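Shared between the two complexes below is chain A, which pairs with chain B and chain C, respectively.
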Partner chain A sequence: MKRKMQKLVAQLAGILIVLLGVTLLSFSLMYIAPGDPARTILQAGGTMPSEEAVQEKRKEMGLDRPFLEQYGSWLWSFVHGDLGVSMIDGRNVSDEVTKALGKSAVLAVTSLAAGVAAALPLGVMSAARKEKMFDRITCFFVFIRLCMPSFLVGIGFLYLFAYRLKLISISGSGGASALILPAATLATGICARMIRQIRTLIYEEIKHPYVDGLRSRGIRETQILFVHILRNAMLPIITMIALSFGELLGGTAITEIIFSWPGIGRLVMTAIEEHDYTIIQGFVVVIALIFFVIYGLTELSYSLFDPRVKKQKESSRNG
Partner chain B sequence: MKKRILTMLLASVLSASLLAGCGGFKESAANTEKGTEETSESTQADAGEKHLNMAYHSEIKNLDPAASSWETKRIGVGENLFRINDDLQLEPWLADSYEQVDDLTWKITLKDGIKFSNGKELTGEAAKACLDRTCEKNQRAVTMLNIASIEAEGQTLTITTNDVNAALLNNLADLVGTILDVDTLEGENAIPVGTGPFVIASMEEGKMELVANKDYWDGVPKLDSVTIKYILDGNAQAMALDNGEIDLAFQLPTENIIQFMDSDKITVTSNTGSRSQILYFDYTNEFLADHSVREAISSAIDREAFANVINKGNSEAATAIFPVSFSYGKVPGVSYDVEHAKKLLADAGYKDNDGDGVLDKNGKALSFNLYTYGEHGTLLATFAEAIQASLKEIGIAINIETNDYDAHTNILKAGGFDLALNSYIMAPVADPQYFCDIMLRTGADYNYGKYSDEKVDELIAQLDKEFDAVKREELAKEIQAVEVEDCGFFTLGHLKYQIAANNKVSGYSTQATEAYILTKDTDIAAE
Partner chain C sequence: MDRKKKLRIRLAWYLLLTAGLLIIMLFGEQLSPHDPYENNLLKIDQPPGAEYWFGTDQLGRCLFSRILTGARSSLSATFAVVLVTAVLGTAAGVIAGYYGGPVDRLIQKLLLIIQSFPGQVMAIAVAGVLGAGVKNAAIALVSIGWIPYARMSRSMVLKIKESNYIKAARLCGCNSGYIILRHVIPNIGSVLFVTAMLALPGTMMEISSLSFLGLSAKLPTPEWGYMMNEGRKVLMTAPWQTLIPGGAILISVIILNRLGDSVQEYLEYRTGSI
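Let's turn to the complex of A and B:
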């Protein structure tokens, strides 16, 4: 029990140190980068503010204070659970980030579920029929999708389904139908990447002697593939899924912009353009925390899928 | 048994990943329902009512003039005491008349009987409250209006300025002079209320809904309602316009505008704006301090070709500084003449002594850095390459460096950059004083090349204090003539301000100040 507590404390301390590190890093990057929110605010409409006005505004916003002081005061409010307000338009950062994160999460879960659901059977079948027609065709499409950047696929989908076939509206504005195209864009990308990895994993797994054993016992091929082999290859696949989920939450800005999806990627892209420090900091904190949770859950699920992991842990604890 | 366990395990993994996004899911489901309801509503509305769908290139989050928002004006919600008309002349709007009492004092009388769309009356006191609030919060307002005090009595406003501010009335037409009901500006999710032809009915994720202000003081608006959809991607906007999902798009990128040029269902309207490309000469460079080098560079660049070929007619060639379409813009500039440019350089003693194709003098090559930045739609980087090619012909070597805007500005501030290409809005309220003050004066904030001419400074000082409109124009022309004589800067051209709209739409403003779009006359024809 004591050992458990120690481990928990160590893990929490680790999280704190990483949080401190990433926020300090992102804060200093924005500090070093040319330009500041004061100028952005005054430049609205494309006109040029006087230098005096910019300095005045900087002072008002506290941007003329030394770096550590600025970071310190951000950190102080953060520790008190306050992520502050947007430097550009005064909106509440926690609200903005939560709202956008919710949107991104919907998109991420949908596209991940669709992508994984398609990739599992396709990847397994491809491995089972390596170098056969099925495998060749799958690999061809995987290759095409991997070569195409998401923005191209996105615009292509928009052109085909919204513009040509008019099945879905281009401008989106919320709604379930607005989810279909961006989710499809991301899902095809995830699916392509996962098919390739699953195919390799399964192909390696098939070579094991236990597979021949199963076959000799007369177990059906599909059962061998989808139950026995897939389970043994599940650990790396879970890691892949978990990491893809994290990436999807933080890194789908381009897709979100093309489909006018008000997610977190789009929020932070705009914030970077506008030098909106507080929004960027809020984003960094939240994404870092999400990755911690994902890693934690992933590790937990390992022991579910592979009892050896649990046993190892136990034995190391006892030994 | 084994099978069942596995199924359970798989399900648990999936639900684990679902859990993380659970909160968002619920919210989206709620939105979905709302969304479908509204879509069907607006389709129903289409049957009997006049409804316009308009695309906006960014999400409208800020509507407060104190936070420098143009938006209420553009969408026909907010109005000013004065406005710029389509001949780019100033005219009273909410104001009925004005009178200059002395150099520092103006008396402005508001029209009678104007009401905000929430029924409150527009009195002198209401206008004062809004202007006071903006001046208190917005540095731009402080600089442009320079107001010492405002007194309100009935429908009359008496404005006193700190110093002589000849451009005050023009500047009251700027976004900082937008008059809204102050009580509707504060607080989270505030929806501002103005006096204009439209009222904001709702602001939601992805769109804004407007309805006509039935009690509008200047007649009944022709449209019943408007949906403003936020479509951030240029291609997506163009597709939506093309297939009829939206009726009007403004600020489409040039490459998307071009596809509608020959369309028979979409009309593209262009007005020369004051968003201009300007080349800085760094006077601290010994060669660029030489008038003949600056004149040679100015003569070697074919501005007509830049506007018509490189920018495919989406900009207008410049002559002096301001666009020819402005009343004070008709000033002749340096004309395009490559032979003249070559002769100028030869006469000034520049020769290609080492035969490398680049002229030199006193053992130094005539070679410059040209700094610019990538900005959406301005084609600055393309122009920079064209300048490089043009100057190569007269024996000047150019090394181009492209940065992002902020890094570029830092380089310019540091000085010693040689040449720099920037894009500026020269006359946001159609008045020349702004640009002269920030750019041409000795020591002006944006005069990075350190251009300095006594005569120009003297004329700008006069302009700042001149109230007579005709004389102001004369002064602006004189200033440009002296600057052209000096070859102090080089203006390449002025971008056209373009709106692409379905042929059914009429009556929207295409004014180059970019300050107005929807008006009471904006209309859409039935199918």
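Let's turn to the complex of A and C:
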């Protein structure tokens, strides 16, 4: 019991160190910017600022204090949910990030749901008909999609569905129809990646003797595939879904820009153009923390659901 | 035909295609029929035709020449990023695995910290803060790209560290640097080489994404991702300005992707398993 407690404390300390590192790295982003951030912001207006103006701005931004002190006060307010104010127009960064994050989450959840819904049957069928026509056609499309960066797919969809076929109007401001194309762009990407992994998983699972047992008992093939085999392969699939969600939250920037979706990606791209460092810091630290939590939870659920993982980990640590 | 021959032919075929890409990358500017930088306001937005094979852009510049010239920044950045990430990541992983102790713990923590940032977020933030430029985009990608190499080489080093040939080398009085270079690296090299080959297409997509966002190449240097961004404004009236650079990216990524796969399969077949 005592050893267990010690281990827990050590683990918590490890998590704390990583969290400190994550926040420190997010905070120091402003300091890798070439030149003086205060000057850059003032110059963005187009005029050459006077030396006094720069000094004043530095003081206003707190840049005249030592680095660790700045980091400390930033971290302190961050822990209290305050990410400071925008350097350009004084908007509250936490509010902006939360609002945009909500929009991105809508996009992410929609595309994740659509992608998974399509990938499950396609992946399972592909594995069941390995090397047959169905599998080959699926794999071909999966391969092509995986070779396309999302901006290429987005623009392709825009051209095809909005300009050529005129199926979707893109002039609309938000609403469900504005969601279709960006969600489809992201969904196809998730779908392609998941089909590949599901196909491999299911193909390995089909080889198990219990599948022959089910077959010999006369259970229908579809039931074997989608009930018995899929259930046994569900754990890695759930991990995949969780990780894709984390990736999606931060990875929608390009799609959001193409389709003018007012999410987190567009927020940060505008902030980059305006050198609005507080918003960039806020965005990075929030996404990193979400990703960290999702990552941690998936690992935890893994060892909870499957005790073998825990044992493996321990033995690999000792070995 | 036996499997080995098949794999070999396929590998040769994709090596040939990659060589083609490399030739365009190196000599694209010389091969261009027109000056890729020359504006010609009399011939703006011309569709693909006999004189301008791929048409012209909003400034009347020859798109075919710009695609050929743009290969340099698009492809060379890809190769450079993959090379640097592989070398840096392997160095970090080997040092962590071989020396262990506090160095290992430090590098492990660093890995965990950087791993907490999803790749695209980090790349966009770093490239954005550093300012536009191919070098800055490359730095952004390297800063996250070294992680997998470090993890892999660390775990492989941990495995072979206790093997007899390393012990023998140590007994013979070889110093650590010599053992790492002569015994450790050659043993883990092929796996890392395959990893690097497989990373090529993804890196190419990331770089073109960054330049699509305007975070990589600076004007007026042609770059495929950025050309798509420029052409996007006239997608309705002059779709070739966007679709042709997109096709160039797609074809290059496909070639690099298949190259990585065939290298992996060939080496796996030759060594039994990797």
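Criterion: the second predicted complex is superposed on the first by the 241 of 319 C-alpha atoms of A that agree within 3 Å, B and C clash if a C-alpha of one lies under 4 Å from a C-alpha of the other, contacts with A are read in each partner's own complex, and residues count from 1 in each chain.
Here, a contact is a pair of C-beta atoms (placed from the backbone, for glycine too) under 8 Å apart; a residue touches a chain by one contact, two chains touch by 3 or more.
None of these values were measured; they are calculated from a predicted model.
When the two complexes are overlaid on their common chain A, residue A:Glu56 makes contact with chain B while staying clear of chain C.
In the superposed model, A:Phe259 makes contact with chain B only, not with chain C. By the touch criterion stated above, A:Ile272 is placed in contact with chain C alone, chain B being left untouched.
Contact with chain C, but none with chain B, is seen for A:Tyr295 once the two complexes are overlaid on the shared chain. In the superposition on chain A, A:Leu68 contacts neither chain B nor chain C. With both structures placed on the common chain, the touch criterion links A:Leu29 to chain C but leaves chain B unconnected.
Contacts of A:Tyr159 after superposition: both chain B and chain C are touched. In the superposed pair of complexes, A:Val227 makes contact with chain B only, with no contact to chain C. Where the contact sets of chain A with chain B and with chain C meet, they give residues 33-34, 155, 158-159, 163, 257-258. Those residues of chain C whose C-beta lies close enough to touch chain A in the complex are 109-110, 112-122, 124-126, 128-131, 201, 205-206, 208-209, 212-213, 215, 225, 228, 232, 235-236, 239, 242-243, 246, 249-250, 253-254, 257.
Residues of chain A touching chain C in their complex: 14, 17-18, 21-22, 25, 29-30, 32-34, 143-144, 146-152, 155-156, 158-159, 163, 246-247, 249-251, 253-254, 257-258, 265, 268-269, 271-272, 277, 280, 283-284, 287-289, 291-292, 295.
Against chain B, in their complex, chain A makes its touches with residues 33-35, 39, 41-42, 44-53, 56-57, 60, 88-92, 98-99, 101-106, 108-109, 112-113, 155, 158-159, 162-163, 166, 169-176, 178-179, 227, 231, 238, 241-242, 245, 257-260, 262, 266, 290, 293-294, 297, 301, 304-305. Against chain A, the residues of chain B that register as touching in their complex are 2-3, 6, 9, 12-14, 16-18, 20-21, 23-25, 27-28, 31-32, 34-36, 39, 55, 59, 61-62, 67-70, 139-140, 142-143, 175, 188, 204-207, 229-233, 235-236, 239-240, 242-243, 245-246, 275, 404-407, 409-410, 424-425, 428, 434, 438, 445-446, 514.
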